[in-house]
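Some structures are shown below for you to check.
Common to both upcoming complexes is chain A, partnered first by chain B, then by chain C.
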Partner chain A sequence: MKLQISPQALVDGLNLASGASAGRTPKEALQCVLMKASDKALLLMATDLEVGVRCQLAQVDIQKGGEALVSAAKISQVARELTDEVVSLELRENQLHLRGRGVHFQMVSRDPKEFPPVPDLEGEPDFEIEARELRRMAERTAFAAARESTRYAIDGLLWERKGDQLMIVATDGRRLAVASCSVTPKGGASTQKDARVIVPAKTMQLISRVVESSEERLGVKFLPNQLLLKTEHVTISSVLVEGHFPKYEDVVPQDCDKRATVRVQDMHHAVRRAALMTSEESKGVRLCFSAGKLVLSSRSAEQGEASIELDVRYEGETLDIGFNPSFLSDFLKVLEEEEVTFELKEPNRPMVCHCGENYTYVVMPVNLS
Partner chain B sequence: MSIFEVRHQRWAQVILQSAIGGDRIPHAYLFHGPDGIGKETLARAYAQLLLCEKPVCHNECSSEYAPDGKQWFDSCGLCSSCRLMETDSHPDYHLIHRRLIRFHDDPSVRARKGLDLGIDVIRQFVLDAAHKKPALGSRKVFVLRETEKLTSAAQNALLKTLEEPPPGTFLILICRALDSLLPTTRSRCRSIPFSPLPISFVHETLQGRHSDINADLIRFAAALGEGSLGRSVQCLENGLNEINRNVITPLKDLSVLSALEWAHLLEDQADQLAHRSRLGDEEINETDAVRQALTQILTLVATFYDDVLKLTHGQQERCCNTADLEIVRQAGSRMKHDWIPRSIGWTVQAEAQIHLNANTTLCLENLAMRLAHLYAPSR
Partner chain C sequence: MDTVPEWKKIVAFVRDRHPNILRTWFDELRAVGLDGGILNVQCANLPQQRYLQEHASRPFVEAAQSMTGMLLAVRFTIGNHTAIASPGDRFPTPSESQPHEKRSLRSDGWADQLPLNPDYTFESFITGPSNRLAHAASVAVGENPGKTYNPLFLHGRVGLGKTHLLQAIAHRVLANQEAPTIVYLSCEQFINHFIESVERGSLHDFRNRYRQVDVLLIDDMQFMANRERSQEEFFHTFNTLYQSGKQLILTADSPPGEIPSLEERLTSRFGWGLVARLDPPCMETRQAILRAKARRRGIDLPEDVASYVASLKDGNIRELEGAITTIDAYSQQLGRAIDLPLVREALGQEPQAAESVSIPRILEVVTQHYNVKKSDLRGKRRHKSIAFPRQVCMFLARELTTHSLDEIGSYFGGRDHTTVIHATRLVQRLMTKDQNLMTTLEELKSRVTDGSSVRL
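== the complex of A and B ==
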């Protein structure tokens, strides 16, 4: 392998790829990044066996193809310290030589055979989705996923595709977030229109990171064991979670008869203030809805009491209901909209929050008596 | 590796082969038997076979595993899955051992010593991983090493997965003795006993691997291993032959006066041996290391008296201590023949007492005094 590349391009590529490389693992090859130079481009690959990233760098001058497997952390550190416009990389006898003006680094390359395969999206994707949209959905659902639950399926997020709609769903048994958006079907979906897969929470974090700056469209493919996402230069692959995701449609109540509309900013502020007077024992914040008015109150024996009043569009009977404030603020925090609508029925029934057409959040009340 | 490279475990192979050839492959196996006789090697080869994309079917294979009309399956060794197994980078093969605690996500868990196979390792590396779909094919295999070190909490956490693992998941538990596991764990696994290897096979293998070591030493190591290749190799590596000479030389004529001195020598030698084994494995705690070393040393003593017994019955060719036959002969001439078997019994008893937490020094002194009384008083 012999090539010339700008250090900045190398750093950008390594940043994307090393997001997938394993931090701590007994298999040292997984802490490495595989650099594969072919005729046209340099391919960087990293995986921790759960998620994998393939990142293609096009602006490279390749003189000789080949493969090198080097420590991801070390080569990133080295590349960041280079100030030259162009550096050369050369593999000779299991040593990767990195040369700039007056600089020479020599790094050990492991046997590329030790590196497990990182899947690529072959053929047409099932559908395409806007990167921005996917990132937003990930942000709006990931917080609701269970953590270290023994019900492994709900530790992940459900991706459900129905025709030209994609739903991402997360729940931990006490709250549920459903975000959806429209997608553009592509050839790969001809056999399977509707599909559902459960994606690990870690993959969602990686997706958020990779598509952060991206304004492009992502091709998505569901395989029996894998989820594949592809932008022009980057492919992310992820294993899927085994198990059955609960039927989330049944959890969203359809018979709510009370509606309240409130400004997101005001509500978030009020919840944060009311949460100050809660303690480990009394985590609940009381929400008292009455005509045109919502009063949030909290009380803890050791600390004291709080009461916050705000304007709300509400008609119907007065209703007292308690919630865990962090469940409310997690949700309010991710909203970009001006207003949010709450639908309620009784103090012991869940509250449904709607924000726009594509986002629903259901939260269970807590018993305050 | 080919599954047939595992030698002299016909019984285990037959059980595994009939499962592969049948409709339903048991999802949890328990391989049990002494250390160093091929349990983990076979588990790995079997995992390779389970993960292989195109398993091959033999109607004929080596004479040891003659097919008796049955078909024998083996991994192809050529497919991408087999190649990944060879380079130890298969994403669906998980080897679980107590040292994985070093790689746990939680820093407070990492700070602990991996003396046993605890619930944190089992949760992160077995249960969480088992509930992900396989990365390559449709199966994934977990091999759990040293399951006699599984804590009860870890075993209880495993129960549900052992009973009903996610589709395509196979677990192979490797353990020294069945009774070190909870009955609930045992009952959820298909247990396969492994038997010690023929000593001639161990001898040949050692000769092949260490052509530079002298023949007496190899014979001693092979005999002392009692059919465990692993133990014989360890015996060569730890220089057990030197320790053996130190331990048995005073036994040519043990008197009541020299007995206590000999008991203290045993303790010294055990400390040295424990120190050596702790250098190789820092996760082992000191008590365990000393106990293991004492077990090894008392085995040397028992082997010595066993040789005395053999020699007095004219079975010289079956002795272990071939290089020190003179010492064996001298001891034999000083002891009353009918009493020799007692010495072996008492040595085994002392070993058991030490494992039951008895005071080591007292146990060894007691043993030494009893042994000294078996020798005829010198004039």
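== the complex of A and C ==
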């Protein structure tokens, strides 16, 4: 293998690929990135056996094909420190040589055969989705996914496809976010089939990274126990989480009889301010809804009290209900809309927040007394 | 032992907030685990699971969320009650629970057969002098299908428990036998299947399907009336099953001999086994039924109230059930306990069906249905489009009111009492021949008695 590449392109590719490589594993090959030079492009591959990335770098000048398997962390560190316009990579006798002006790194390359295959999306995808839409949906749901698995929650997000709709659902057992968008069905084998799969949180992070700045369309394919996503240069593959995801239709209450509409900015600001006077013991912020008025208040024995009033359009009887303020601001922070609608029933029943047609957030109250 | 500490509170919450969906077997439900935001609740069998999924899903979700403070969903699984789940146990995976699911009604290609109601078991059937024979025969058949009374033919008026016994037999057979093939359907479905398979030319499949069951239960056999081809097909099915010792259980609203235009060979065969009649329950049985129904909904019905309600309503058990619903709703609205004064108030204003029926009411319903003018029906014109609705009016007036023939005749344009007799007989005769007319008349009758006029 012998090629010339700009260190910046290499860093970008490695950043993406190293997201998939394993953190700690007895199998050292999984901490590595496989660099495979063919006629036209350099392909970077990394996997921890659960999620895999294939990233193609086109702006390279390849003189000789070949494969090298090197530590993902180390080569990323090295590449970041290179200041030249162009560096050369050359594999000779299990040593990868990186050369710039006056710089020479020599890294151990393991046997490429140790590296497991990383799946590619073959054939037609099931459907295509705008990267922009997927980014928005990921942003609007990922925060609600469980950080650590308790028996109330699972580490994963539900992807549900119904015809030309895709829904992503996340829950940590105290809140649940559902975002949806329309997709373009394609000719994949399971095109007609609706699908319901659970995607690991790690895969979601990786996807977010891929769609971060992209304006492309992504092809998506569901296989038994596998999800594949593909842009022009990057393919992500992921195993799926086995288990049952709570039926979100059941979780969302249908019998709310109180409804409040409020400006997102005002509400977010009010929640942030009220949160200042909460403490470990009294985490809740009290929301008191009445005609035309919403009062947020908080109290902490050692700090003091706060009360913030804002205008609201409210229908229903007066209601006092408590929430964890970070559960509210997590949600308010991702909204681009002007207004948000809250639907409520009782102080011990969940609050349903609607913003636009494609986004619903449900949050459990906390007990204030 | 429950693996979810809040389980008792959850059930209590459902009991408190949703008394209308309560069933006695709710006590036997167990929480078998909390996993991935799903509370897994185990019930005993498929009918219970279906009931829970259809009626109790939201109440349980509401209760689970309120009691745990968690955003939970509830999932109903079928499991073995005797097995005690240890805290580390996972809920049964589909493969584990499969042996139980197999012990259900046939599902392959029988998707449209009637589901069993989990409440309709022998345990919940109240016996009395009026239904003792039918009950005893049903139990015997349920224990030993095909060996005691074959066929078992149950008949009686609506709301006396035919369907209850039929389903109870199915439950008993399902509980006792390993994977029996039970087919339970209404007569209408049998006829529809038959017609469909004739149209599709798949009569062979039809025969195979029906002639390979262990227990065949068909409800409302009276709809076989005038269906000659269906009767013939059923005759062959009957013979095949009977000869191979399979159990047949049939119900109808009248004894086999009185079902209009039922072929002789069927009538005689229905009599081979046991024909048992269900009579309207006596006062004591009605009281017992009322108390049992109330208990199932978690309502405490005092003795004097039960006897008062039982004295008001005659035999139909659905009416008794309706009375309990009214009383319960009334007491919840007013927030008062159920006692005699409250029940008098609640049921007092109820229009007594038989009394409120008047000839003008009949006239209104019939003219609406046939789209004719009231004045025409009460006038002299004898054109067929007017004469027939008029005859229907006379028929209904005869059936539903206590007016004399003369009174009826004079109301409809001063006609003779013989005209009324002729009209009544004519409609009766047409009715036995024409299924559509029969259903139309049933509908008109119920509209007249309901007092709910339909605006067209």
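Assume the second predicted complex is superposed on the first by the 357 of 369 C-alpha atoms of A that agree within 3 Å, B and C clash if a C-alpha of one lies under 4 Å from a C-alpha of the other, contacts with A are read in each partner's own complex, and residues count from 1 in each chain.
Throughout what follows, a residue touches a chain if its C-beta (ideal position, glycine included) is under 8 Å from a C-beta of that chain, and two chains touch if they have at least 3 such contacts.
Note that the structure is a prediction, hence the values are computed from the model and not measured.
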| item | value |
| --- | --- |
| Touched partner set for A:263, first chain B, second chain C, both or neither | neither |
| Partner chain(s) touched by A:25 [first = chain B, second = chain C, both, neither] | first |
| Which superposed partner A:186 touches (first chain B, second chain C, both, neither) | neither |
| Touched partner set for A:132, first chain B, second chain C, both or neither | neither |
| Partner chain in contact with A:2 - chain B first, chain C second, else both or neither | neither |
| Touching partner for A:247 - first (chain B), second (chain C), both, neither | second |
| Residue contacts with chain A in the superposition, chain B compared against chain C | C |
| Which superposed partner A:333 touches (first chain B, second chain C, both, neither) | neither |
| Shared chain A surface residues [contacts with chain B and with chain C] | 152-153, 243 |
| Chain B - residues contacting chain A, complex | 80, 83-84, 87-91, 99-100, 102-105, 127-128, 130-136, 138, 166-167 |
| Parts of chain A lying in touch with chain C, wherever the complex brings them together | 151-154, 171, 173-176, 243-248, 250-251, 253-255, 346, 348-350, 362-367 |
| Contacting residues of chain C [partner chain A, same complex] | 34-38, 57-58, 61-62, 65-66, 69-75 |
| Chain A to chain B touching residues, read off their complex | 24-27, 29, 49-50, 111, 113-117, 152-153, 200, 224-226, 239-243 |
